[in-house]
Every structure is written in C-alpha cells, then in structure tokens.
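After this come two complexes, each holding chain A, first together with chain B and then together with chain C.
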Partner chain A sequence: MNSVGLFILVLLYLVLLFFIASVAEKSRKPFWVNNPYIYSLSIAVYCSAWTYYGSIGVAATRGLEYLTIYIGPIIIIPAWILINAKIIRISRVNKISSIADFISLRYGNSRSLGALITLICAAAIVPYIGLQIKAISDTFHLVSHTANSNNIFTDSATYVVALITVFSSYYGTKYVDASERRVGVIAAVAAESILKLVFFLVLGIYVTYGVFNGWDDLYAQASTFSDFAHKNSIGGLTGALNWCLMSLLSMSAIFLLPRQFHTTIVENRREKHLRTALWLVPLYLLLINIFVFPVAWGGNILFKGASVNAEMYSILIPQKFGQDVITVIVFLGGLSASVSMIIISSIALSIMMSNNLIIPYGILNRISESNVKDNTKLIVTVRKIGIALLIVCAYLFYKFYINENSLFSVGLMSFVIIAQLAPSFFAAIFWKRGSYWGAVSGLIAGVFMCYKMLILPEMSGANVSHSFFTIDYFDPMTNAFFWSLFVNTVIFAVVSIFGKGNYTERNYAEMYVDIDKYLKYQDSAFVWKGTAETEDIRRILIRFLGEEKTKQALHIFNQKYNITDEEDTADARLIKFSENLLAGRIGTASAKILIESVTKEDKISLPEVLGILEESKQNILLNKQLTEQSQKLKQLSAQLQHANASLLEKDKQKDEFLDAVAHELRTPITAIRAAGELLQDDEDMPEGIRSQFLYNIISESDRLNELINDILYLDKLEHTEQVLEIAQYNIKNTIKKVIQPIEHLVEKEEIKLDVRLNLTREFFYYDEKRMIQVINNLLANAIKFTKDRHGEILLSVCNPQENLELKIYNSGKQIPDDELEMIFEKFYQSRNQNLKKPLGSGLGLSISKKIIEAHHGYIYAKNILDGVQFTLSVPQNYDKYEKNNYSR
Partner chain B sequence: MTSMKKIIIADDEHKILMSLEYSFRKSGYEVFIARDGSEVMELLKTETPAAILLDIMMPNLDGYETLQQIRAEEQLKDCKIVIVSAKNNPADIQKAYDLGADAYVTKPYSIKKLLQQVDELIT
Partner chain C sequence: MKKRHEQKLVLVSIIIFILLNVPIILLFDKADKVIGIPMIYAYIFMVWIASIAITFFVVKRYNE
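== the complex of A and B ==
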C-alpha cells in the first residue's frame, strides 16, 4: 500500500474516533455516560503497542516472560473491589484528578510532593509515549514500504502524530474541572479497545489457521527449533524469581500508570462499574494474549535465518503472503493501541502538569486575581499546550533517542520508574504513619537507583558492571526494580516511623485510611483551626466557578450542615468544601494555597489533631444517629398528625351520629310521654281513645327498642370483626322466606309484587340470616314508596359472572340523582326533606350496605323507568375469601 | 263561632299528632292537622289561626321553610308560631327565633305546659 493511501486511511480512522467522541459527548445518554462496559474497555488502554508488537518480539526471541506483564494485573484485579473501591471513594470526595493529587494530598496536601510525582511520571511516561510513536512510525513505514526519514517534515509519521495531538488536546480539555468525566474520549478509547482486540484476533486466526494448519501444525514445526524448549520454560529458580518480580512490577503498573489511574479512578462514574471491570479486564487481557504465541513462533518459522525485527512479525507475516487487508488491519489495530495510550497518557500527564506544576508554581498568583472567564480559558489553554508539548517531547525523544531500542525495554523502564510510586501510594490507603518526608525521600532514593541501574547503563550502552547491588539470579531489569523499590520502601518506612509527621498529614491519613467513616460528612473530618471570613472565601470561589455556581455550591453546603446563609465566619468544613470545589480545576495543592491566602490558620499540635479527629469521628456517628432519629421522629409525627386528623373526623361523625340518634330517640319518647300524661291527667277520656293511647305507648316503645337494636347492630358491623356465618344456601328458599311474611301486606296494599328468578344454579354462598334482613329492608322500603300508588315491585335474581345479583325495583317517586349515594348514610332519610319518614329506624339502608360489604359485595340505587331500583351483588369466588377473611 | 280559637298543628308523626289534637280540642281549640309544611300553607289559604305548632323535620316543606313563608305573609303577622322539635341545640333554636318564631318547645314536652304557653301567647 502506498504512503498516501495509508495516510488517508489513518485520517479516516481518526475521523471515526472524533465521530465516536462527539456522538458520546453530545448525546449524554446513559449508554455513553453510565456504561460499565465502556468503563471496563477503557481500562484496557493498558494494552498499548507494546502488547501489539513488543510481546510478540519477546515471545519470539526470549520466551514466555512477556506473560508476566499480564499475569500481574490478572492476579491483582480481584483485589480492586477493596483497593480501588477505596481509592475511588477517596478521590471522589476530595475531587482528585490525578495520581499526583492522590498521593500528595495524603501527605499533607503538599505542593512539592505533587510536583515531584509529576516530574517522575513525566520522566517515565514521555519515553513511553515516544515508544508508541515509534510503533506507529515503524509500522507505517513498513506497511507503506517507505523508508524512515530523518527529516521530521518529510516523515509522514509526523503528520499522524500531529493529528493525534489535535484530537487529544481537543477532547482531553473539554472540562476545566479535571475531576469531571470525559465521556467522549473514554468512549473513543473503549471503541479502540474493541478494535485492537478484534484486529489482533483476526491476525491470530489468520496466522494459526490461514498460514499454518492449526495449533498442532504450528507447534510441531516450532518445536524443531533447538531453543524452543528453553524459551518456553520458566527457567528454573532464576527464571521463577524474575517471573515473580516482573509480575509484581506489572501488578503495580496497573495501579500506578497515570493512564490506568485516570481510566480506573478519575473516569469512574459508579463504584459498581468496578464489578464489570473485575471480570472484563482480565478476560480482555487473556483474549489479547491467546495468539501472541502462535504469531511469534509462526514468525520464527517463516523468517528462519532472515534478519528481521521479531517485533514486526505481526505485519511481516501477512505482508509476506501478500495479504494487504490483514496487513492494514494489523496496522490499524496497532495504531488503536498506540493512539489510545497516547491520548489518555497525555491527558493524565497534562492535568498533573497543570494542576501540580504549572498552576501552583507558576501562574497561581495571576489567576487568583483574574476572573472566572479568563481563568477557565487560561487553565484549559495550559492543559491544551501541555498535551501538545508532551506529545511533541515524546516525538522528539523517539526521533533522536529510542530509534534503535526495542519496544520492550523502554516500556519496562517506564514501568520500573512508575513503580517507585508504589510505597507511598499503597501506604496512603493502608498505613496512617506514612509521612511526607518518608514519601519524598523514598521516592528520590528509588528514582536515583533507577537512574543508576537502568537509565545510565541504557544511555551509555555499556553492560552493567558488577557491583554491590548485583544479584546473580536477576536480570538487570529485575535487579534494578528490586533494589530501587527495596531502597525506596525501606527509606519511606524508616523516615516515616522516626520522623514526626505534621498534623495535616495525620489528618489526611485518617481521612484516607478510614474513608468509609467519613464518606458522608467528609468535610467534618478536616481539622482546621483559625479565622476566616466566608466573604473572602466566596470571592475566591467566584474567580474560578463564577457567581452563579458559587452561590449554588454555598447554598448546598449550608443546607447540608444546617448553616444560615448569613453566617460570616468560616469553619473547617467550609474550608475543606471550598478546597474541594477548587481542587478539580487547579489541583489540591493550589486550592489549599489559595484558601490559605485569605485565612489565618492557628498552630495546632499533633495530639490536638488526634483529639479533634476522635471527636469528629464520634460527632459523625452521633450526627448519623441524630439524623436517623430525626427522620424517625418526622415519620412518627406525620403518622400522629394523620391519626389526629382521622380521629377528629371520626369525632365529628360520632357527634353528628349522636345528634341524629338523640333526635330519633326523642320522637317516640315524645309520643309515649304525651300519651302517658294524658292518660294520667284526663280521667274522663273515652274508652276508645284511651286504648288507642295505650296502644301507642306499646308500639312506640317497640319502635324505640328496634331503634336501639339497630344502632347497636350497626355499631357492631362497623367496629367489631363481625363474623358472618357464610355457607351454601338455596337462594330460592331464602327468597321464599322473605316473601311469605309480607304477601298479606302486599295484597292488602294492592301492590303488584313480581319475583323473577333467572339462575343457572341455585346454591350460593352467603349468610342467610343477614341476607334476609337486607332483602326485607329493601322490600319494606319499596312497599313504603309505592304503597299509596298501588304500584308494582319487581324482585329479580340472577348470577352473572359467578356473582349472586339481586335487583329490587319499585315504581314511584324517584330519588334525585345527587342523592343516590347519600341514601345509604345513617339517618339519611329522616334528615332529608324530600323523602317521607322511614318505617323503621332510618338505619335500614346503612345496615344493608354494611352487610353486603361484609360479603365483599356492593349495593347501589338507580332511577329507572318510573321508579327506583336497588341492585346488590355478592361475589361467589368464595375460595379466595374463605381462608383470609371469614375464618378469623 | 268566632270565639273559638283556631290552631294548626303540623307534625309528620301520626302518634304525636293524636295526643296534641286530643288535648287542644279538649281545651277548646278548633284544631287543624297538617302532615307537612305544604299542608300548613294549604290550610292557611282558607284559615287564619291564632297559633301554629310546627315541627321542624317534616317532608316536602320543613318547619323552617314553612315559618319563613308564613312570616312573609302580611295578613298572618298576628299568628303566633310555636316550633315544637326534638332538635335542642342552641343554633337550631336561635335559627327559629331569627326566622320569626314566637316560642320554641323541645320534644319531649309536657302537654300541660305546652297548652299553657300557647294560651299565654294568644291572649
């Protein structure tokens, strides 16, 4: 393929990345923003060009030890659920945006430590980025059959790098708050992870099954090599030790590489996404390694005796067979691996550069006096330039230094340097005694060891001379790793133990190690004593957040801690809260410096800090309990209010009811009293009238008694668990029992009573005694309203949908529609002027309704034809109720 | 005979009416019976009684409405109206007086006293 065509392809590929990034950035749908798979795939940025080409080189020339780079992470990833969950929580509450922030905040929010870590990272990562550029450039020339050009401007790789630079600086600096999640870039990186895996698998399948005849064939041919057995063994005790240490090295790399910290911690949106990463990342590492071995040995077989770079086997093999498509695919896969690594590394590094180096040491004074718009612009510009600068440096590094060196060794050197962060990093979350001076001295010593044992010999090209530090079992690389980390750890531990840490360190140690205790009220865990004005702090916040956001943030803060907006002295919580607000934009160290500039801090001794911390721990616990209790109280009080309201309502109903009862009782009493009085006083009362009055006394007494019975019965229906005696009855018999006693009355009143049965069966479930009472009530009602008119009454019984349904119609005066429901209220009829007094107590319909409801049925009245119809329905799916309701 | 005092007694309870009718007739009144307010109004078209006994809770036209209608008639202004009701709370009683009742008797009552009260009202 010619170089212009390939360049266009690269261009198209980058356009695709831009497209994915912008779609993700714009759509903001949960798929892009909140996707555990995108998160997990972005962590696979671990597999850079080193994996793509370097592993094959190592497998072909040295043996299986390339596997250690993946074994380490696979072993340690399950522990993420503990370690990374903790780091994610710490980073979230402290608005941490890089590993430099993470470590330096722990050791007293120290500006110098942050800067030191930034420098170490840059020193380790810039060559590493250079390595990726080298991979892109080498493969580009290989695929396009062009020669490497020493002139930067005629080398097409330059332009590829320029494109990547533009992409990274554009999408990497979208947000001024560095602790924000970069949806677009992460989506693009996740897409690249898929591409590089799929393309690598395509290559592997092609080599194994296309070029060779499957694994067996490949193995059979490869095993004829004299060094095959040697290369594919661990290599005795020496080899085993190297393996162990290399695995440890890669184990620390998966935590400490700035790009890994960035994707795993800073870009983590939900802690539970870790659970997906827990299996997906190891699976990914496994899949991408499956075909390393066949490709490496396939290359060894195919290019036996030829002098080719084994690292390029993955391109050379398809090229040898004229498979242009596969060649280009492999190239694009390698490009994906490199580009994603370059993007994330440069973003992570540029954040460190800006937040831990340039802002705190360079432009902090300037931005502390500027306004929000200029500041945002300046910070973003610094980061943009930072990204560009890093990539340019890496490019130059590649151009003038690593051209001759292999991918593998430069990569490992990066790993070893980055591993120097391990002691202070892991101690940060597990060991409260670790101190600033311990971290700094350990780091410097470790890096110095690296320089002496790795970089210097590498640069001079000389063999490592035998010295005190040489351990015969180790490779030079392993040796350097072992000694640098050993010295680093020992110095860190010793200095920490014997040195006296300052109180801020101790404070953050507490907050880091016991993060779960402070998670919710982490601002309270911050110890600070001194004087500060809210107004001063507010003014600083405005410079970086703007008027509106500052107002919102302070409002949220005041609400969270129940502080009035008028409070003008700031406490430790506000100081920490404000530092957090600024931290994402300008880094934790600068945030502290800025806030310090407007506050006056009092000296505070270490024992005092410990005291306050203990107190605040208890306070947090107390606060938690108080919140819980107050929530419970709130609930209780709501329940009480509700109960009170319903009691009041019931009370009112009871009053009304008693009023009505009193009225109803007085009516018969009046008649009785009057009759009694007359009988007593009037001696010459005619006999006929006398007996009439006596009869009245008896009948009104009966009425009184009936009324009292009804009231008590209704009360029982309402307030006690009335147990109906439900059984199977023949409805025909029941109707007969109702009709017989009234037949005489009906005849006398010349009412036409018609009974119609339209039944598919005769036996139904109900309480017969109660049902008779209900039908009686309704019929009495019907007779009353139709009596004077010699009208008609129709009683019909049917069983639609398994329900027992009765309809009682009487001709006569209709009930106004708006009163159809009210007639079932107690004493309704006697209160309503449009209806005649009831025959009974005025409670008949209320009682009927209650009885039907106890049957889980319903009753209602309706005006039809020229009269009124009452309908009652009793469900017959009795089994359902049998267990739950009736057998109490 | 103009000397005979006329009275209308309105109540929807048959048994209450019976005793009142008997006692007032015995005391020399000419008694007219009404079962509800509308029957009272009907009677007033032809009769001008000295007094009217009104129950409140009656069908069709209740005691208050009847009272209101009677008081709206100029020629009935001398007619004494006694409300006889089982309602005995102050608000109900006040309402009756506000509408122009001359007396309020709560049920149950002593017939003797009721007669006395009516006698005093019309003389």
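== the complex of A and C ==
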C-alpha cells in the first residue's frame, strides 16, 4: 500500500474517533455516561503499542518475561475492590484530578511535592509517548514500504502525530474542571480498545490457522529450535526471582501510570463500575495475550536466519504472504493502541503540568486578579499547549534518541521511574505516619538511583558497568528496580518515623486512611482554625466559577450545614468546601494558596489537631448513639402509652366488674330475702306455695354459690396455681359426656345440634374435667345466642398437625369485629346486651380461655357465614417432662 | 458489596500471587507440550482463567 493511501486511511480512522467522541459528548445518554463496560475497556489503555508489538518481540527473542507485564495487574486487580474503592472515594471527596494531586494532597497539600511528582511523571512518560510515536512511524513506513526519513517535514509520520495532537488537545481540554469526566475521550478510547483487541485476534487466528495448521503444527516446528526449551521457561530460581520482581513492577505500574490513574480513578463515574472491571480487565489482558506465543514463534520459524526486527513480526508475516488487508488491519490495531495511550497520557500529564506546575508556580498571581472568562480561557489554553508540547517533545525524543532502542527496554525504564511513586502512594492510603519530608527525600533518592543505574548507562551506550550494587542474578532492569525502590522505601520510612509530625499532614492522613468514616462528614474532617470572611472567599470563587455558579454552590453549602446566608465569618467547612471547588480547575495546591491569601490561619499544634479530629470522630459516634437512643425512647414511650391505655381500660373493666358482681350477687339475695320475708309474715301459707318459696330460696342460693365459685376459680387460674390433671382421654367419650346432659335442652329450644368427628386417632392429652367445663361453656354460649327457633349448632373435632382442635359454630347474631377479642375478658357483656339481664355469670369465656392457655393452647372467635365460630386448639407435642410438670 | 465478600476477592489476589510465584511456578517450568503450547504457558493461562472465573462469580453472586 502506498503512503498516500495509508495516510488517508489513518485520517479516516481518526475521523471515526472524532465521530465517536462527539456522539458520546453530545448525546450524554446513560449508555455513554453510565456504562461499566466503557469504563473497563478504557482501563485497557494499559495495552499500548508495547503490548501490540513489543510483547511479540520479547516472546520471540527473550522468552516468557513479557508476561510479567500482565501478571502483576491480574494479581492485584481482584483486590481493587478494596484498594481502588478507597482511592476513588478519597479522590471524589477531594476533587482530585491526577496522581500528583492525590499524593501531594496527602502530604500536607504541598505545592512542591506536586511539582516534583509532575516532573518525575513527565520524565517517565515523555519517552514512553515517544515509543508509541516510534511504533506508529516504524509500522507506517513498513506497511507503505517507504524509508524512514530524517527530515521531520518530509517524514509522513510527522503528520500522523500532528493529527493525534489536534485530537487530544481538542477533546482533552473540553472541561476547565480537571476532575470533570471526559465522556467523549473515554468513549473513543474504549472503542480503540475493542479495535486493537479484535485486530490482534484476527492476526493471531490468521497466523495460527492460516499460515500454520493450528497449535500442534506450530509447536512441532517451533520445538525444533535449539533455544525453544530455554525461551519457554522461567529460567530456574534466578529467573523466578526476576519474574517476581518484574511482576511487582507491573503491579505498581497499573496503579501509578498517570494514564491508568486517570482512567481508573479520575474517570470513574460510579464506584460500582469497578466491579465489572474486576473481571473484564483481566479477561481483556488474557485475550490480547493468547496469540502472542504463536505469532512470536511463527515469526521465528518463518524468518529463521533473516535479520528482521522481531517486534515487527505481526506486520511482516501477513506481508510475506501478500495479505494486504491483514497487514493494514494489524497496522490500524497498533495505531489504536498507540493513539489511545498518547491521548490519555498527554491529557493526564497536561493536567498535572497545569495544576501542579504552571498554575501554582507561574500564573497564579495573574489569574487571581482577573475574571472568570479570562481565567477559564487561560487555563484551557495552558492545557492545550501542554498537550501539544508533550507530544512534540516525545516526538523529538523519538526522532533523536530512541530510534535504535527497542520498545521493551524504554517501556520498562518508564515503569521503573514511575514505580518510585509507590512508597508514598501506598503509604498515603494505609499509613498515617508517612510525612512530607519522607516522601520527598525517598522520591529524590529513588529517582537518583534510577538515573545512576538505568539512564546513565543507557545514555552512554556502554554496557552496565559492574558496580558494588550489581546483584549477579538480577537483570540490569530488575537490579535498578530493586535498589531504587529499596532505597526509596527505607528513606521514606526512616525520615517519616524520625521526623516530627505536622498538623495539616496528619489531618489529611486521617482523612485518607479512614476515608469511610469521614465520607459522610467530608467537610467536617478538615481541621482549620483562624479568621476568614465569607465575602473574601466568595470573591475568589467568582473569579473561577462565575457569579451564578458561586451563588448556587454557596447556597447548597449553607443549606447542607444549616447556615444562614448572612453569616459573614467562614469556618473550616467553608474553607475546605471552597478549596474543593477550586481544586478541579487549578489543582489542590493552588486552591490552598488562593484561599490562604484571603484568610488568616492560626497555628495549631499536632496534638490539638488530633484532639479535634478525635472529638469530631466521637461527635459522629455520639450523634449516632443519640439518634439510636432517642429512637429507643420513642419506642418505649409508645409502649408505655399502650400499657397506660390498656390499664385504664382494665380499670374501667374492674369498676364494671365490681358493679356487675354487686348486681349479680344482689339479684339472688333479693329473691331469697323476698321469699324469706313472705314465709315469716304469712304463717298460714298453703303448703304448696310454701314449698315453692323454699325451693326458690335453695335454687337462688345455689346460683349464688356457683357465682362465687366461678369468681374464686378465675382468681385461682389467674395466679396460675390451678393444677391441671392431664392424662390420655378419649375425646369421643368426653364429647359424649358434654352432649348428653344438654340434649334435652336443645330439643326444647328446637335447635339443630350436629357433631362431626374427623379424627385420625381418639386419645389425646388434656384435663378432662376442665375440657368438659370449657366445651360446656361454649355450648351454653352457643345455645344462648342461637336464633330462638330453628337455629343450628355445629361441633366439629379434628387433629391437624398433632393438635387437638375443636370448632363450635352457632348461627345467629354476630359479634362486632372490634369486640372479638374482648369477649374473653371478665364480665364482658356485649354492649347491646345491657338492656337485658345477663344470662350467665359473665365469666364463662374468661375461664375457658384461662383453661386452654394452661394447656398451652389458644382460643379465638370468628364471624363466619351468618353466625359465630369459636375455635380452640390444644397442642399434643409437649414431652414427658412438661406433662409431669402439669400434674405436679 | 459487603466487607465479607470483598475479602473473598482479596483472597483471590493473594492466592494468584502465590500460584504465579516462586516456588510453585517452578513446578511447571517446562516447555513440554500441553494442549498445544509449552506447559508453563498452559499453567499460567489456566490460573489466569480460573481467577477471572472466580472473580466473575463472586462479583455477580454478591452484587447488591
């Protein structure tokens, strides 16, 4: 394919990216905004041209070690659920927009540390971007069969790079607030991740099944190579040590590379998206690695003896067989891999450069004076130029320096330099004692070691000289990694432990490490003492947010903390809130400097900070306890009210009970007294009438006696002194004993009495005497309430689930629903019944209930059909011990 | 996700770390053919696939 055609193809490809980005940006539909798959695929920006071409080169020439770049990430990714969730929360609360912000905020929101980290990242990433440009350029020339031109202006790769620069700086700086999510760019990167994977799989399948006859054929041919066994092994204990360290290196890279921090942390929209990434990212890495082995060894077989760059096998193989389509597809896949890496890296770096270097050190004074429009424009311009400058630098670096070096070694060098951030980064999340001086001295020492052991030998071109630090069984790269990180960590830890703590640092340390505790009270977690005017802060906010947004933000703040709009002194919460508002635009360090310029902070000691923090922690705890207690109290008072109401009701019932008792007792006494008086006065009374009166006296006395017995018996039951005599009885006999005496009465009243037995057995445990009493009571009740003539009563007995169950139904007047429970209370007489003289003692149902409860059973009434049904149930499953207990 | 289930995932991390490191990885350090690829590749890819499957299962099962 000629270079013009290929160039047009690249152009079309970039137009496609622009198209995807602008569609996503404009529509802002949930599909683009709230999509865990787009999020996970954007993390696959980890696979750059290094993966695409470099892995194959390493697999072909050196062997397994290319895998370490993926082993580290796949080991740590499941644990992201803990680590990254924490980082995401911290970043969200503090409006963090880059790794430099993240680390420098933790160590006292330090401007210098942010700048140092930015410089380190730039030093590591610019060559890395250069690598990507080199990959684009090399493959472009390879595919279009043109020579690599040394003149920048005639080299077609220059124009490809220029296009990418335009794209990144256009979409990368859409928002002034750097902590804002970039929907368009992320959608484009996710699309690129799909493209590079699919294209690489196409190549893999083509090589494995098109060029060779599958895996077995490939293995058979490859295994004839003398170094096959050697290259496809870890390489014994020595190799395994290198393997382990390299895995650790890539493990830290997946956290620390600015582009990874940007996609995983800054661009995270919902914390739950992380859960999809947990399995999707390792899956992606697996798929993109499956065909590395066949392509690498396929290349080794096909180009045996020829001097070709193994990194280019993926293009050389289809080219050798004249497969133009596949060649171009592979080229486009590689282009996607490079472009996505360049875009995200340059955006992340330009944010760091502007927020941590240029604004705090250069133009802060200027922007704090001018208005919102100029400021926004200036900040965006700074970032745009930053992106362009970074890519140009990388391009020059590639043109004049790395032309000869392989993708793999320059890439690893970036990894080692970036890994220097590891001690201060991980300590930020897990260790409260880490200090600013520790972080700075550790970083400088680590970078110095990298310079001595990696960059210097690389630049001088000489072989690594054997020095005191050289550990024989380490590669130069692992050696440098080991020593630099060792020195870095030790110095960081020692300086941190021996240095005196600083209160702002400790404040952030508490907030970072215990983020879950402070998440709810984010602004209260910030300790600040001093004097500040709300008006001054407002004026600063207006310069960056504009009049309208500032008003909104402050209104929300005031509502949240119940502060009146007139309040003119600012407290710690407002300071932190305003810093957060500014942080996204100008970085955390500059935000702090700006706010500091209008406030007067009082010095406080470390113990004081800890005291205040402890206090606020306790306050949070106390608050929680208080709400819990007040809820408990509420419940208690509700219960009390309920108890009071029922007591009042009982009291009323007792009064009524006494009235009723008095009334009940008086009736027979009156009758007895009347009969007695008549007998006394009239001595000549005929014998017949006389005996009638005497009979009345006896029967009324009996009734009186019965009434008193009932009252006493109920009292006994209530004090649970009643002894039940539980034994096995035949329920049929019991029923017979009940029915026989009343048959006569029933006939007289013309009531239809029906008894239905539906039993699987006949013997049950109960106290027969008491049971008869209960059934008698219920039947008497039923007879009383059955319609005078032609009513019916149905007594049914069954034994469901080991229980003995009796149902007594009678037709007639129903009980009002709200009285269904009350009828079991003492002397309860239905309201409508007051007119008539009650027929029974009014204690029957009460006694029945007590008896059934003493059997551990239950009794209730229900309105069904056109009558009332009483159901009583006595359990049969109590064990021997309980039975003995009953008849104690 | 509850703390308890999060720890399952951390455990997955720890176990793969041990499986893909000295000394266990050296047990499989051979280029003999296993399912068409050198044994060491087969081993690493198996652990890799298993870790994805377990993570996927834990995430789907306890996702609330």
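Definition applied: the second predicted complex is superposed on the first by the 620 of 888 C-alpha atoms of A that agree within 3 Å, B and C clash if a C-alpha of one lies under 4 Å from a C-alpha of the other, contacts with A are read in each partner's own complex, and residues count from 1 in each chain.
Keep this in mind: a contact is a pair of C-beta atoms (placed from the backbone, for glycine too) under 8 Å apart; a residue touches a chain by one contact, two chains touch by 3 or more.
Quantities reported herein were computed from a predicted structural model and do not represent experimental measurements.
Of the two partner chains placed around the shared chain by superposition, chain B is the only one that A:681 touches, whereas chain C remains out of contact. Of the two partner chains, neither chain B nor chain C is touched by A:201. Comparing chain C and chain B on the residues of chain A they touch gives the larger count to C.
Of the two partner chains, neither chain B nor chain C is touched by A:166. Of the two partner chains placed around the shared chain by superposition, chain B is the only one that A:669 touches, whereas chain C remains out of contact.
In the overlay built on the shared chain, the residue A:724 is in contact with neither chain B nor chain C.
Residue contacts after overlaying the shared chain place A:689 against chain B, while chain C stays out of touching range.
The residues of chain A lying in touch with chain C in their complex are 64, 67, 71, 74-79, 81-82, 214-216, 218-219, 223, 228-229, 231-237, 240-241, 243-244, 247, 272, 275-276, 278-279, 282-283, 286, 290, 293. Only residues 1, 6, 9-10, 12-13, 16-17, 20-23, 25-26, 29-31, 33, 35-38, 40-41, 44-45, 48-49, 51-52, 55-56, 59, 63 of chain C touch chain A when the two sit together in their complex.
The residues of chain B lying in touch with chain A in their complex are 12-13, 15-16, 18-20, 22-23, 26, 57-62, 86-89, 107-112. In the complex of the two chains, the chain A residues touching chain B come out as 659, 662-663, 666-667, 669-675, 677-678, 681-682, 689, 692-693, 696, 699-700, 830-831, 833-837.
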